[in-house]
């Protein structure tokens, strides 16, 4: 039952990600990416990190997908299709896939060849309270830095995307 | 072959898909999404090691993923803002046309 | 090693592994705690009824049957609440406008929802020729599914929590945030530029108001020290002298949070005065323009269910969940109290709809970004102060209340003056 | 302070809501088909013919003088005077048709009628599926009793009654001194137009 669940999750994530990167219609590939992100959230849930699963849904499906879709719609040209496939693009695509395959060819045997120490018998328990305490005490500085980065990134994004009406 | 192996294989494959996509596609948004996918694959590894790794008491895995998600959100926001700025400037989002630094 | 042997080994080891998902323990439904005897019979009635049905089943099936019963109960109860709510809304709007409202179908109009349903179901289902048929179909389904999913974590009574999650509040708002995607799908799949533009407006509204919505409940989480809905409800138990309940709405940061939360909830559920996405009299119907028949009914249902879910969450977070308002009234079952509070909030939604005119899009976003978000951020500070000063007693209690009230009322007045300065009071020269 | 206006608005709607249950002023709906609407006295739509006594056709005040037919601006009235077997006019209409699909409710026929025989009706539920025959009213459809006239336009009917009684008294007073000479002088003087 749960074998089937994990298999489905993995197949869903890999399949939707692979198809998303092959499609020519951008909106569809973004929506497939959303499925893939939802699958990753399901994986987190399956592994017992429920807080992360919900954070993943909130951030990726709620926010990143929206920003991406807005960007897609803002950069769309109606007089031409989304993407034109030209000979150089073909060779680039082939090169990209080859590099990906090469990395996979290195990674997979490496993973299979490694002996990991035995896993703990029970799933590690990790309550939200514990997470909060860890964030505030052990990782407090990091939290502050992340907050700062997010603020700067937000301001930067606003400045970058704001249209300069006075200039044009 | 343990659960950890399965999860690592899975995340490795996801990483390679993201890599191939980021390299093969020329649309800036798709390249960004490919990079997001690679980030997600790395996050999967943290969770896999936390869940199926050797016994431990710390929650560093999920916390690291949490930070990674936050940074990924920032990256997506800035990246897509850049894409929009480039599009406004050159009316194109194809990366091979953006070979010049000088506008 | 030959590939066949390798695959065989991998397969065998895959089968031998422990595949039980870690989340399974969390999903176990609340079995009636045998040690608890203090709860009255009426309090346990839903569980006893459930156990009477599923008690004889063997263990794994019993778990499944219990979950199914919970799901069916939630869907049936809230679908009928949706039906009654549409009727109640029209009746109340009628009364406010000096007219009776629908009263021709059935006894005093009680069958009006049924008539509406039959009308919706028998209408032609139109899909535009150029539409993306798959997404056009998926959008209402996804929206409804996501709004039903949010009901899973709300504690409806002392023993009635469908799923006890550690991060239940986060789950609720994650599912709520995902509904935006369905709205985008609806707008884009219609292949109609007006639908798309309206969907973009709807998204801008939803994203703008997500921020105050999420910020408004953080003080509550700080006060309760828990992200679990059960923990938050438990933190609001008890009464001061048997009269004054420990609800979060009765603390300064909780009250400010409640008001901000309800305003943002109005906008999140596309209710008047924030019903811009489907403003019937101005736009055609926004992203619903190309929908008809059953799909339109699904959108409508999802909207009402979202309103119910947000009200249920507001009851849980701010109004003490299923706790009775007075110690003396505790003999009434907890789920009745929850229902009473939920209905009161829903009536408030209808009352507000009957009163206020629709905002303009710029007023809408200005309200979110220049008024609600700063207030919610300051409210975080107030919440922190309130949490840090829980041990103050005696005369310091007065100081605590005074400081907290200043922190709540001061920014409201200051921002309110600034916010109002550009709009009111208005003088109309030609009117 | 920001928000006081909102609270005032909420109070107004709440007052309306509560008031609708006990205050008839805040619940003004008339549920029309079951609950007949009380029309104002001066409401008018299409003309009808008044008759005195019990017999609708015999009691008609109309003498088929054709003044209204001539005056009607859209020409929706059609009259054929009745004649007895010797060919003399009986001062009754044989045919009195009124096409309400043409009539514009101008009340000119009422103003010009010297006998107060045609008055404006208040019956407005005349929708029909047959626009040719259904909307062409005949003598039988148009004839309505004086009592009905009193019920719909009481003030105006009382004035008309006074005028008719006055005319009758004058005619009788005239007839007494010259009793044999004036059997034909029943025709009353033209009455002033009834106040509308």
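Residue numbering begins at 1 within each chain, and the chains themselves are lettered A, B, C and D in the order written.
Keep this in mind: contacts are C-beta pairs under 8 Å (C-beta built on N, C-alpha and C of every residue); 3 or more make two chains touch, one makes a residue touch a chain.
Note that the structure is predicted; figures quoted are calculated from it, not measured.
Which other chains touch chain B while also touching chain C?
Touching chain B and chain C alike, sorted by label: A.
If we define chain centres by averaging CA atoms, which chain lands farthest from chain B? Would you check?
Measuring from the centre of chain B, the most distant chain centre belongs to D.
Give the chain pair, either A-C or A-B, that is connected by more C-beta contacts.
More contacting C-beta pairs are found at A-B.
Roughly how many whole angstrom separate the Cα centroids of chain A and chain B?
5
Express in whole angstrom the distance between the two chain centres, defined as the mean CA positions of chain B and chain D.
86
Centroid of chain A to centroid of chain C, CA atoms only: how many Å?
Roughly 27 Å, centre to centre.
Can you work out the whole-Å distance between the CA centroids of chain A and chain D?
Here the centre of chain D sits 82 Å away from the centre of chain A.
Which chain C residues sit where two or more other chains touch them?
Each of 14, 22 in chain C touches at least two other chains.
Two-or-more-chain contact residues of chain A, please, as numbers and ranges.
Only 6, 47-48, 51, 55, 63, 70, 123 qualify.
For chain B, jot down the residues that touch at least 2 other chains.
Within chain B, the residues that touch at least two other chains are 1-3, 6, 51.
Taking the complex as given, what residues does chain C use to touch chain A?
14-15, 19-24, 26, 135, 165-167, 170-171, 173-175, 177-178, 180-181, 184-185, 188, 196, 200, 203, 207, 210, 225-228
If we count contacts the way the header does, which residues on chain C are in touch with chain D in the complex?
92, 95-100, 103, 351-352, 354-356, 412-413, 415-417, 419-420, 424
Provide the residue numbers of chain A that touch chain C in the complex, in ascending order.
1-3, 5-6, 27, 31, 34, 45-48, 50-51, 54-55, 57-58, 61-63, 65-66, 69-70, 73, 123, 127-129
Considering only the defined contacts, which chain D positions touch chain C in the complex?
Chain D reaches chain C through residues 1-3, 5-6, 9-10, 12-14, 16-17, 20-21, 26-29, 31.
Chain B touches which residues of chain A in the complex?
That would be residues 6, 10, 13-14, 17-18, 20-21, 26, 29-30, 33, 36-37, 40, 43-44, 47-49, 51-52, 55-56, 59-60, 63-64, 67-68, 70-72, 74-75, 77, 82-83, 88-89, 92-97, 99-101, 103-104, 107-108, 111-112, 116-120, 123-124, 126, 130-131, 134-135, 139, 142, 146, 149-150, 153-154, 156-158, 160-161, 163 of chain A.
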